[in-house]
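Chains: A, B, C and D, in written order; residue numbering restarts at 1 for each.
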Amino acid sequence: MENLIALLVAAPLLGAVVLLCGGRRLDKVGHWIGTLLAAVSFGIGVALFADMLGRTAEDRTLTQNLYTWIPVEGFQADMAFQLDQLSMTFVLLISGVGTLIHVYSIGYMEHDERRRRFFGYLNLFVAAMLLLVLADNYLLLYFGWEGVGLASYLLIGFWQHKPSAATAAKKAFLVNRVGDIGLSIAIMLMFTTFGTFAFEPVLASVGETSEGTLTAIGLMLLLAACGKSAQVPLQSWLGDAMEGPTPVSALIHAATMVTAGVYLIVRSAAIFNGAPDAQLVVTVVGAVTLLFGAIVGCAKDDIKKALAGSTMSQIGYMILAAGLGPIGYVFAIMHLVTHGFFKAGLFLGAGSVMHGMNDEVDMRKYGGLRKYMPVTYATFGLGYLAIIGFPGLSGFFSKDMIIEAAFAKGGTEGWILGGVTLLGAGITAFYMTRVMLLTFFGEKRWQPDAGGELPHPHESPKSMTLPMVILALGSVFAGAFFEIGERFLKWLEPVTGYEHGNPPVSAMTVTAATMVVLVIGIAIAWTMYGRKPVPVVAPRGSLLTRAARKDLYQDDFNHVVLVRGGEHLTRSLVYLDHSVVDGVVNGTAASVGGLSGRLRKLQNGYARSYAVSMFGGTVVLIAATLLMRAV
Amino acid sequence: MNPVNYLYLAALLFTIGGVGVLIRKNAIVLFMCVELMLNACNLAFVAFSRMHGNLDGQIIAFFTMVVAAAEVVVGLAIIVSLFRTRHSASVDDASLMKL
Amino acid sequence: MSTLTSAHSLWTLAAEAPADRIPAPTIEYAQLAPTLIVVGAAVLGILVEAFVPRKSRYYVQVFLTVAALASAFAAVVGLAAGGYASGKAHIAAMGAIAVDGPALFLQGTILLASVVAVFTFAERRLDPAAHGKRVDSFAAQAASVPGSDSEKAAVKAGFTTTEVFPLALFAIAGMLIFPAANDLLTLFIALEVFSLPLYLLCALARRQRLMSQEAAVKYFLLGAFSSAFLLFGIALLYGYAGSVSYAVIADVVDGTVANIDPALASTMGNDALLLIGGALIMTGLLFKVGAVPFHMWTPDVYQGAPTPITGFMAAATKVAAFGALLRLLYVVLPGLRWDWRPVMWAVAIVTMLAGAVIAVTQTDVKRLLAYSSIAHAGFILAGVIATSAEGVQSVLFYLGAYSFVTIGAFAVVTLVRDAGGEATHLSKWAGLGRRSPLTAAVFAVFLLAFAGIPLTSGFTGKFAVFKAAAESGAGVLVVIGVLSSAIAAFFYIRVIVLMFFSEPKADGPTVAVPSPLTMTTIAVGVAVTLALGVAPQYFLELAGQASTFVR
Amino acid sequence: MNFPLLTVTAAVPAVGAILTAAVPAARRTAAKWLALLFSLATLALAVLVAIRFDPSGDRYQLTESRPWIADFGVRYELGVDGIGVVLIGLTALLIPFVIAAGWHDADPLETKSTRWRPTQGFFALILLVEAMVIISFEATDVFLFYIFFEAMLIPMYFLIGGFGDRAHGGSEENAATQRSYAAVKFLLYNLVGGLIMLAAVIGLYVVAGNFSLQEIIAARAAGTLDMSTNTERLLFLGFFFAFAVKAPLWPLHTWLPNAMGESTAPVAVLITAVVDKVGTFAMLRFCLGLFPDASKWATPVILVLALISIVYGALVAVGQRDIKRLVAYASISHFGFIILGIFAMTSQGQSGATLYMVNHGLSTAALMLVAGFLISRRGSRLIADYGGVQKVAPVLAGTFLIGGLATLSLPGLAPFVSEFLVLVGTFARYPVVGIIATTGIVLAALYTLVLYQRTMTGPVKEEVRSMPDLRLREVLVVAPLIALLIGLGVYPKVLTDIVNPAVEHTMSDVKQTDPKPEVDVEAKNGEAAK
């Protein structure tokens, strides 16, 4: 059975190779090949899942060792896979949602002449992401980690002719690279500490080393997670990443890739358990990002950017949960999965709206669309309810668990974290309601596009609506399905470990409190955007609004400090290289030339001056000889 | 009289000749200064030969004279041909090649 | 009174020494054969000038010269084969001339170099034929004033100065004796014998005769000046040791002399005589070698003299002079090593650096090569200073390698011509590589050899001398030598850049197609350069076997 | 003595050079094919060497030894260890691509002189360089190595100065001066380095009395040959200086940007991918082998210089306006990594460094050759003159991107393996150094992606609108390189198996052992098994 694992990766990889090397002759069928191979991967995943359910919790871990990747004295990196419950969860999410989004893209990218390459990139992404979650050692994980980074780079910059897209892609890659420093240093630390970096031995022997080492490793892993999962301070790329086609935003920048950071932390649970300080930092990062993303989400008028902010915030929840340790891991993953459903659904919905509105993204130019695109409205609505945590829908369960766990952390920490999560829930309700109202309710505020014609909103084709429906179903029922009989908990517990935290206040109270902030958030949104008409041109807004629109100036900070500073640095170094380092060399040559020119003058053509030099020379020679004897 | 004094005289002559070469312009005079130096050498040879009481030095002196004569032949030939082309025997005028 | 008695004693002494007590000299003619052959040929050459009709003189002279040199070389080989280079090495001609390894090796080198050099003398295809008669690069009639009617008449009559061949032969004869000279008198005579003809040869250029004559004058005056120093040095050494024989002087210096009469005892005590004398003799030899600060004649003379002569001088004179220097330092003054080594250190360093540095800004090919020869003199001195068998071996090898590179290089210079004769200004060489790749490539090979790039004889030689110097503990000298050869590399490279990488000038010079004579010269030059670069072992062994002086 | 395979491997390209040079001026194409043929024959021989080489056998194999210059204690001694084998393979592999890529680079613009045969000269010189590089990888005699280490400068010099990039900015005259400046700079820099090494070589002879690498190493190990500490350090510095110039190591690097900028792309590849490797190779074989203690003594300084090279090279690369100069500075950064790996003195670091030499060769070749194709189309080296190429020439852009990704050592491509090994190896002994070096991966991404964005993406510039995509010849050049990059990226075992034993020998030369991990998991498992 385990021999199938490689096929999980191989199928989409094959697709990528075929599509990218196939050339124009595949333009006709390219999208079908791509979708098919993604589906194949999903099928294999399901098969393995069924097989895994058939086993007892102990031997649910499958491994497949292909060959030794990098064999060097004392340094063994295997091309080996490990499939346990955690990986399996991701496999299903990735290949499942991935397949759906392939289907969606068939319709969405219909009019793009480079659709074949788009599907090639998508397949490449799926392959890399599966490699990431299936790797059995950190180096191979790094391989997948960078692979998804590449895919993300290619897809964000898919419309390269737009400079903004190209820039966004570059930015995403660079920021991720900063995170990668963390990952590689973490791997080096593991190598120097344990002499290996395969999951099993490392995680098994964390007890043998000092807490300091573990903290260092943990923090480095966190840095990596921040880069990939757009957590503060490395979050700046996610907003720009929305330059990519919407299916990309849905798959990579909502459902799967950005959650890799969570996977990394949960996977390294043992390390973090041994390093409380690292865990604290993780929770702090999660909390900050949670609020950061939420606030940004409130102010954006670009529907995708608003959703991006929301994604950031939701991942903040997961990271926070992961930082809580055994009480949080499971819920982090659970929220990750449910989030995968509803956020993907929301993005696809947004894509469908843009599809109908001539690619208009400014929500202030939407309004009253519910009549025109009912399916989109319905699915988007369900996704909305799910994310704000409407009782009974997926978001309700997963988020509630995280809030409880936060309180259960105990002590002031617990209260602070709990409070933050609650507040976040409220803000989430606010900005999602805002999106909902601006897009589907109120009066039409449609504006003529560049071509000068008013948009004619219409429902999207089946190939696009179908995935939206499926995802909507997921966002409705997934949570309940996981929660009934604590299925998900039992499923993951063997891998991540679990201990039940007991919050200072009862679970009911927490839920109630959640409901309250939820209602408040919705109410505020309604008063601001529901009751009175919305201006097409955004008002100047309060200081906070303006700050939030500009991502709380964090980008400007980067620009001024890093970009400008870097430019100055490079410029001065180029100057240094040319005038100092090279100057010294040329200077030496020049000085020899000058000396030569001066010495030449001695050769003045007069025989008698030559005689003088001879005479002088002789005298010196004699003097020197005598001197030699004297001393 | 101490034969060493002859050596002092020789050294003196030699130096005079040498300085003459350095300060005079006319090629012929220059050349005569060189001859003076050679003769200073001869004097030294003879004096030494006397000191050591063997004849080598005196023989060498004869050789030197012959050589000097040969030098005169060659030298004058060259100097004269130079003089005929430039109408000047000043060595300082012969400075086409420099630097 | 005292004078009277001394005069009387002198007289009685003379009286007590009857004439028949003077032993009749014994001369080993066979062992002096090389020199004698050359001298004889030179004398014959004079007769040829006197009696053979003008038409056929050229051919007779060329034949005579080449034959003489060839047979002389054969004689050298014979002697060497006869073991005179090693076992039977001894001092011939009543202690006047040494027949030993270094002498024979250097004589052989000089003779070979002379042969190829003489080929370039005999070259008659380069200059456009004047009045239907082929002409070489020597003045039609040296005696006639440049530009005068007599000169025009001489040119019209198609005169050529065939005297160059006997002159060259005399010079070569002197050079053969110079490194073999085993007493100071012979040294001096040999010096004059090869100097005087060279002074004349310098004045014989067909073109730019003013410069040629000027070169001759400068060379002559300075040469005479330096030989005066040499002579005075000889006088002082004689005074010190009471003899001019190398062996005796050496003994006296070492203090191992057999019977010390009072006069000798008094002079022996006076080291000033010894030191000053030695220094003066050094001066004379360093002048011929072209070491700083006695080098200043070199650029002017090299530039003014007819190029074939320049090549001949640059190669053969250096070989002879260094031979003499070696013998003097290794046979006569080894006892004085600790006095002259530091001084020679300084001279070597200054010579290497000055030669390399000044050459950087030269604009005339011949002057450039002159300065390069100065720098090379510095390198060879580094080997001389080693005062070890390896040192001698390395110097011998270097001289052999260097002389062929030099002659070849100057031979190439003779080929590049424009309306005014040889185009020696560097700017005229621009783009030569485009116009005639072969010539440029050959010249490049010589330049790389000068620069000491591996796989050329230049590198092997440089390695040999530096190795010897380093083994004798002169590490600093090696480092400085290495640095100066880096500087030197710069200007050799400049010429290559000029030839290959810059666009040819419209009015650039043409490359004359030479006769087989010059071709042989150049071919031999290239062949030796590469052979000694790739497979030097045989020649190193040869030099090694020849590296012991007889005393 | 059996069949002298190594000699033949080096001789074949030399013979090829002579024959190519001899082809008459009119038969230009024949010369090209002849050169290609010989380079392929050499490749075949190199493969044969790799096959005949037994990783588990002696340290030096296929050895040959003949007397050469007894008076200098010099023998003609050849022999290859694993490192030599892979580098010979790299050289023999790249040359055919270089020749194919430079197919039209040396066609005379106008045939004014029939004697002047640039094309023949171009390809002959390339083959000559190949021969000399190969033999310097084979030489186990210091003198023999030195000879060719120096001699190879001359053909390189003519390649740089004689066959400049036609896509220069200014006038022909200006370009010529630039070119000869670059060529002279290249030669003098390396000549000075080489001459200083010459002094050290002589010094070595004075100390050791012969030049045989194996004998000297053995003697030093046996203690029969003792150098005073200072002597050893001086000699080491003499050798290292030359290699550092060749490599090149900051601050001796400034010749490389000029040389690569002014020469044609294939020649630039020849410089940085083949010739410069001799420098790093020699550090491993000679500096560490002959002067272990001095190497350890100098390590701190060298590590700092390597770090500076890495960061400085990358930053300056970001600031470049000329594509080829950018690649040059990127190479300087990469050589920093190689030297770092060598002097980290860990088996990971040194295996990594060796792989790095190969992988850097491949990646730079891919990037530089594609850049060359790009430049030849537009006739400009300035990044600013491009834009939106991806739209008109997708294949070109794609290959360019892959080359770039290899340069920033993306996992899955060969350079990642080597770079990570170097970093791990360095980190294991010098954690701080390792961390600083790791920042290099961000900078690498920066200059690569900036280059790609400025040239390939964005709105299509007018001048490139009619730019043709890669031709078949060009695809045939690039495709195999990319295939190799990927292949060695996912299966580097083929190389590591050959390299590891050699690295172990080097480690034992310098008497160094890898630092032990804090927690020995292997040992723990062993106990668990008991």
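The rule we apply is simple: a contact is a pair of C-beta atoms (placed from the backbone, for glycine too) under 8 Å apart; a residue touches a chain by one contact, two chains touch by 3 or more.
Bear in mind that the values here come from a model prediction, so they are computed numbers and not experimental data.
S.K.: Which chains are in contact with both subunit A and subunit C?
M.R.: B, D
S.K.: Please identify the chain lying most centrally, where each chain is represented by the average of its Cα atoms.
M.R.: Central chain: D.
S.K.: Return the chain pair with more inter-chain C-beta contacts, choosing between A-B and A-D.
M.R.: A-D
S.K.: Measuring from the mean C-alpha position of subunit B to the mean C-alpha position of subunit D, what distance in angstrom results?
M.R.: A distance of 66 Å separates the two centres.
S.K.: Just give me the whole-number Å value for how far the CA centre of subunit A lies from that of subunit B.
M.R.: Distance between chain centres: 97 Å.
S.K.: Provide the C-alpha centroid distance between subunit A and subunit D, rounded to the nearest whole angstrom.
M.R.: Chain centroid spacing, subunit A to subunit D, equals 37 Å.
S.K.: So the centre of each chain is just the mean of its C-alpha atoms; given that, what is the distance between subunit C and subunit D in Å?
M.R.: 46
S.K.: Which positions in subunit A are in touch with at least two other chains?
M.R.: Counting only residues that touch two or more other chains, subunit A contributes 589, 600, 603, 605, 607, 611.
S.K.: Check each residue of subunit B and list the ones that touch at least two other chains.
M.R.: Residues 18, 21, 30, 91, 94-98 of subunit B touch two or more partner chains.
S.K.: Send over the residues of subunit D in touch with two or more other chains.
M.R.: Expected reply: 188.
S.K.: Provide the full list of chain pairs in touch.
M.R.: Those chain pairs which touch are A-B, A-C, A-D, B-C, C-D.
S.K.: Quick check on the complex: what are the subunit C residues that touch subunit D?
M.R.: Within the complex, subunit C touches subunit D at residues 393, 434-438, 448, 453-455, 459-460, 463-464, 466-467, 470-471, 475, 478-479, 482-483, 485-486, 489-490, 493-494, 497, 500-503, 535-537, 540-541, 544.
S.K.: Over in the complex, which subunit A residues touch subunit D? Could you list them?
M.R.: So the residues of subunit A touching subunit D come out as 20, 67-75, 79, 139, 142-143, 145-147, 150, 153, 157, 160-161, 163, 165-167, 170, 173-174, 177-178, 180-181, 184-185, 187-189, 191-196, 201-202, 205, 208-209, 213, 566, 569-571, 573-574, 577, 581-582, 585, 589.
S.K.: Given the complex with subunit C, which residues does subunit A contribute to the contact?
M.R.: 589, 592-593, 595-597, 599-600, 602-603, 605, 607, 609-611, 613-614, 616-618, 620-622, 624-626, 628-629
S.K.: Note which residues of subunit A are touching subunit B in the complex, please.
M.R.: For this pair, the touching residues of subunit A are 600-601, 603-608, 611-612, 615.
S.K.: Quick check: in the complex, which residue numbers of subunit C touch subunit A?
M.R.: On the subunit C side, the touching residues are 217-218, 221-222, 225-226, 229, 271-272, 275-276, 278-280, 282-283, 287, 292-294, 296-297, 299-300, 338-340, 342-343, 346-347, 354, 357-362, 487, 490.
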